[in-house]
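Each of the next two complexes has chain A plus one other chain: chain B in the first, chain C in the second.
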Partner chain A sequence: MDILISSIVAGLLIGMILALVSLGLTIIFGVMDIVNFAHGEFLMLGMYTTLFTAQATGIDPLLTLPLAALVGFALGVACYYGFIRFLLRGPMVAQLLGTFGLMLLLRNLALLLFGSEDRALHHGLLVGKSFELGMGVIIPATKLAAAGLSIVTFAAVWLLMNRTRIGKALTATSLNAQGARYMGIPTSRMNALAWGIGGGSVTLAGGLLVNFWSVNPFVGLLFTMIAFTIVALGGFGSVPGAFFAALVVGLITEIPGFWDFVTYTFDIGWMSDVPMTSFKYTWVYLAYFVIMVVRPRGLFGWKH
Partner chain B sequence: MAIALLEIEDIWVRYAGMPVIQGLSLAVEGGETVCVVGANGAGKSTLLRAVMGKQPPYKGKVRFAGREIQRLSTEEIVHLGIVYVPEEKMLFGPLSVEENLRLGAYILKDPQRIEQNLDFVYSLFPRLQERRRQPASTLSGGEQQMVAIGRGLMSNPRILMLDEPSLGLAPILVDEVLDTVRKLKEEGMTILLVEQNVREALELADRGYVLQTGRIMAEGSGQELLASDMFRKAFLGM
Partner chain C sequence: METLKNAFDFSDFPRSDLVVAGVLALALAAFPFLSPSSFAMATMIQFFMFSIYGMGWNTIGGYGGQVDLGKAQYVGIGAYTTAVMLIRWDIPFWVSMPVGMCLSVMWSFIIGYPLFRLKGHYFAIATIATSLVLKDLFEVWDFVGAARGLEISPIKYHPPDFLRLIFRDDIYYYYIIFAFFLAGIVYINWFRKSRLGFQLRSIKDNEEVARSLGINVHWAKIKTYAIATAFVSVAGSFHACYIKNIEPEDTMSLDISILIALMAMLGGAGSLWGPIIGAGILIPLKSYLKEWLGARAGLVGIDLIIYALIIMVISAKEPRGIWGIVERVRRRKRRR
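Now for the complex of A and B:
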């Protein structure tokens, strides 16, 4: 029983973090119909930012989060004005290949600057600590804090988009860019803002993740794929959709835990021979394919 | 003659090299309601898009209150007080009626003014007030047109350009929309109206232009145009 509860709790916690990981991808897609293949690389840079700042200054990694967010925001805005803006004039293929190139560039820059080795945080207020939830369920403190801060950030961005004048303008741009232009909304600046929020929220997520996940220049790919799955499931461009889809995907990554639960509860011999944990992310990718075939608009699609 | 509020002087517009507007001139004075009529594909929408900087003319001038605007961006043009209600309406479908209207006032900073304008739009279209919390996409075609016009009014435009506001509406709704235009005209609004309902539109307009393959073929007061032989043959089938 405790395996089941542990798996559900772990799945939901990681799901909340994944919600913040995928938020920027869905916002950027929503506002300008661009799929950002470099999304995971932004996350990687957020992880490095927090790691290096915490190590260099000795302050707690959690306190470096504003810096991680700022780096992502600035990088996002710079990418838009320096690069993406020009791609928008080209065909869809140019945009796909363009952000793909951005991914390769950022990844190889990281390789050049930081080397290929895995790096992990060993110090920090919460690193290595955990809570006991009762019934044998133990939650690492870093995951709990990361999940909590993810939700807070996600909610803050949602409020920004739905309750403020600039957020409404951003939403209008995503719904009908030409219509927004006819209202006098500066849509190019809105695109830049989308890249800023998109970049800043995912580097912040990286800063949270690095508390319990080691970083190397290739860590982005996994998260790009997971974020794609979430955004596809939640409906491309939908913010609330991304949140619920992330919880679903979080639970999917815990399939090995559910497998163990069934194996031991019902004592099914052959099930214990299957090396389920090796297939942890296979289920996520499988879910992606199933969604694309069965319901390409996602579960909560609202755009188009 | 007074300086026109909007003055279009010999503009040429093309899509991918194909000429659509060919040396068109037109003027709208402050407080006037001017109507442009013409067959499908004559270039009426393109004319309005050229004014808005969406499809800028490659030759010729557009002046607003004496200032050349043909090189300005859409955003700058809107800030000058030119508002365009496109024939496609371009509503923000999932947003509520009121959110759509408030986005129309994006360029205004004064919250009090925005509330006043909202009250004005609701007094003009009481049905929108009833449906203010409903997503715009769930409204009927006529109601959506009201949202589009209302949204255009929200920024206190100095000129309102309406592109076929009665397009696709049932006859009773066509009358309703044109009645609204008449009301706005009586309030002193400057209006540039593009319409397919030629007779009704020219009856309410101060002046009219007939557009054919990107050129002005005739102009005059509404009554003059309705009475002219050429016009009656081309549009009224008489």
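Now for the complex of A and C:
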């Protein structure tokens, strides 16, 4: 029973952080129908930003988050004006491969500058502390803080999208770009803003993630695929959908834990022979495939 | 008979194209006699293999317009079938290659049926997902050597072994893959003029119109996907015999899938020569960049940075590829 509860708790916690990871992808997709392969690389850069700032200045990693968000925002806007703007005119295959090129570029720049070794944070106010909830469930303080801040940021972006003038302009652009242009909305600037918010939110998520996840230049692809799955499940372009889908995907990544639970509770011999932990993320990819085939619109999507 | 005649009939190309193609083919046939370095030889074999991958991709991705980013899974199936059959049961290449092809095609039908209900980005990402699932599976499957992969040790055989395709000298591999390459060109030349080829192009232009003309869109896509798969699988089987050491990471990784699609796009998707031009530029570029820059201390990754910049510039500035430039120049000349 302990395993079951702690798996659920761990899945929900990681799910809340994954929500922030996938938020940017769903906004960018919604606004300009482009799939960003470099999304995970933005996350990786956010992780490095927080890591290096915290190590260099000695302040708590959680205090460096605004800097991470700022770096992501600037990078997102720069990517839009420097590169993505030109891709939008081309066919879909060029867009896919173009953002893949961006991903390769960022990843190998990180490799060139920071080296290929794993780096992790070892200091900070919360590192190493944990709460015990009873029944064997232990929550590391870093994860709890990351999940909490992730929800706060998510809510802030949701409010920005729905309650402000500029957010409404962004939503209008994603619903119908041409119509929005006729209404006098500067759609190109809105696209740049979407990339800025997308980049900023995902680097912020990276800053949260680095508190308990070691970083290397190759960490991005896994998160890109997870984010794709979340966005597909929630519906491409849907912000609240991404949140609930992220919780589901968080639970999916904990399938090995559930597997262990069933194995030990019912004492099924052959189940303990399956190397389940090596399939941890296979379930995520499989989930993407099944979701797309069964319900291509996702849970909350309006686009197909 | 009619089919054969069609396959060898290249007369709808301008004469200049055919002259250039013929000269290049002769140069390729003579290449091993120019005493190239073994590195150049290996690069050329890679070029042929990737041309075949690219030609396969071009059927579904170029003529059909369905962006498939999961071709590496079929490289893996082909390579693993050949390697497993050779190592475990000593079955020669010429038997295991068709078997691998059948397995790949079967797998392509299984996943193709649900896959082609999707379109555009959704399809592209779903192909990546299936490829990654298969790779994860191969990484833990002990029968195929798990993450360590499989190794064909040439000591057990007596090279040159034409049945099992085990040679000590690259020149044999060169001519065998060259023959596959020429056969591939002939097949694609037939394919683009076949009924299915025309159906696909109309699907690419407008799916609704194609459907209203009575084309079974879903089935046409699945059939073409199977053809593309067969191409990739054959070259994958060859890959196993040539490299002799296969692991999931370098036969089935996403980078291979992307490279295949990228080559076809760089050369010009949807044309017979496109993927070949693309492979002819990208493969030597990639391997020489790696040779010159990849191993330098302190510059790890610089070769891939240059490569990434090239990808970005092409996709932003010339998404229709080199063949697109050629055709544009030609049209301008004709207008004058």
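In this section, the second predicted complex is superposed on the first by the 303 of 304 C-alpha atoms of A that agree within 3 Å, B and C clash if a C-alpha of one lies under 4 Å from a C-alpha of the other, contacts with A are read in each partner's own complex, and residues count from 1 in each chain.
The rule we apply is simple: a contact is a pair of C-beta atoms (placed from the backbone, for glycine too) under 8 Å apart; a residue touches a chain by one contact, two chains touch by 3 or more.
Owing to the predicted nature of the structure, the values given are computational and were not obtained by experimental measurement.
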| item | value |
| --- | --- |
| Comparing the two partners chain B and chain C, which touches a greater set of residues in chain A | C |
| Chain B versus chain C as contact partner of A:183, first or second or both or neither | first |
| First (chain B), second (chain C), both or neither touched by A:86 | second |
| First, second, both or neither for A:175, with chain B first and chain C second | first |
| First (chain B), second (chain C), both or neither touched by A:97 | second |
| Chain B versus chain C as contact partner of A:293, first or second or both or neither | second |
| Footprint overlap on chain A, where chain B in one structure and chain C in the other make contact | none |
| Complex contacts: residues of chain A adjacent to chain C | 33, 35, 83, 86-87, 90-98, 100-105, 107-109, 111-112, 115-116, 217, 221, 225, 228-229, 232, 236, 275, 278-279, 281-282, 285-286, 288-289, 292-293, 296 |
| Residue numbers on chain B that touch chain A, as the complex places them | 52, 54, 74-75, 78-79, 83-84, 86, 90-95, 99, 102-104, 106-107, 151, 155 |
| Residues of chain C that touch chain A when the two form their complex | 61, 67, 69, 114-115, 117-118, 120-122, 124-126, 128-130, 132-133, 136-137, 139-140, 254, 258, 261-262, 265, 269, 299-302, 304-305, 307-312, 314-317, 319-320 |
| Residues of chain A defined as touching chain B within the complex | 165, 168-169, 171-172, 175-176, 178-187, 302 |
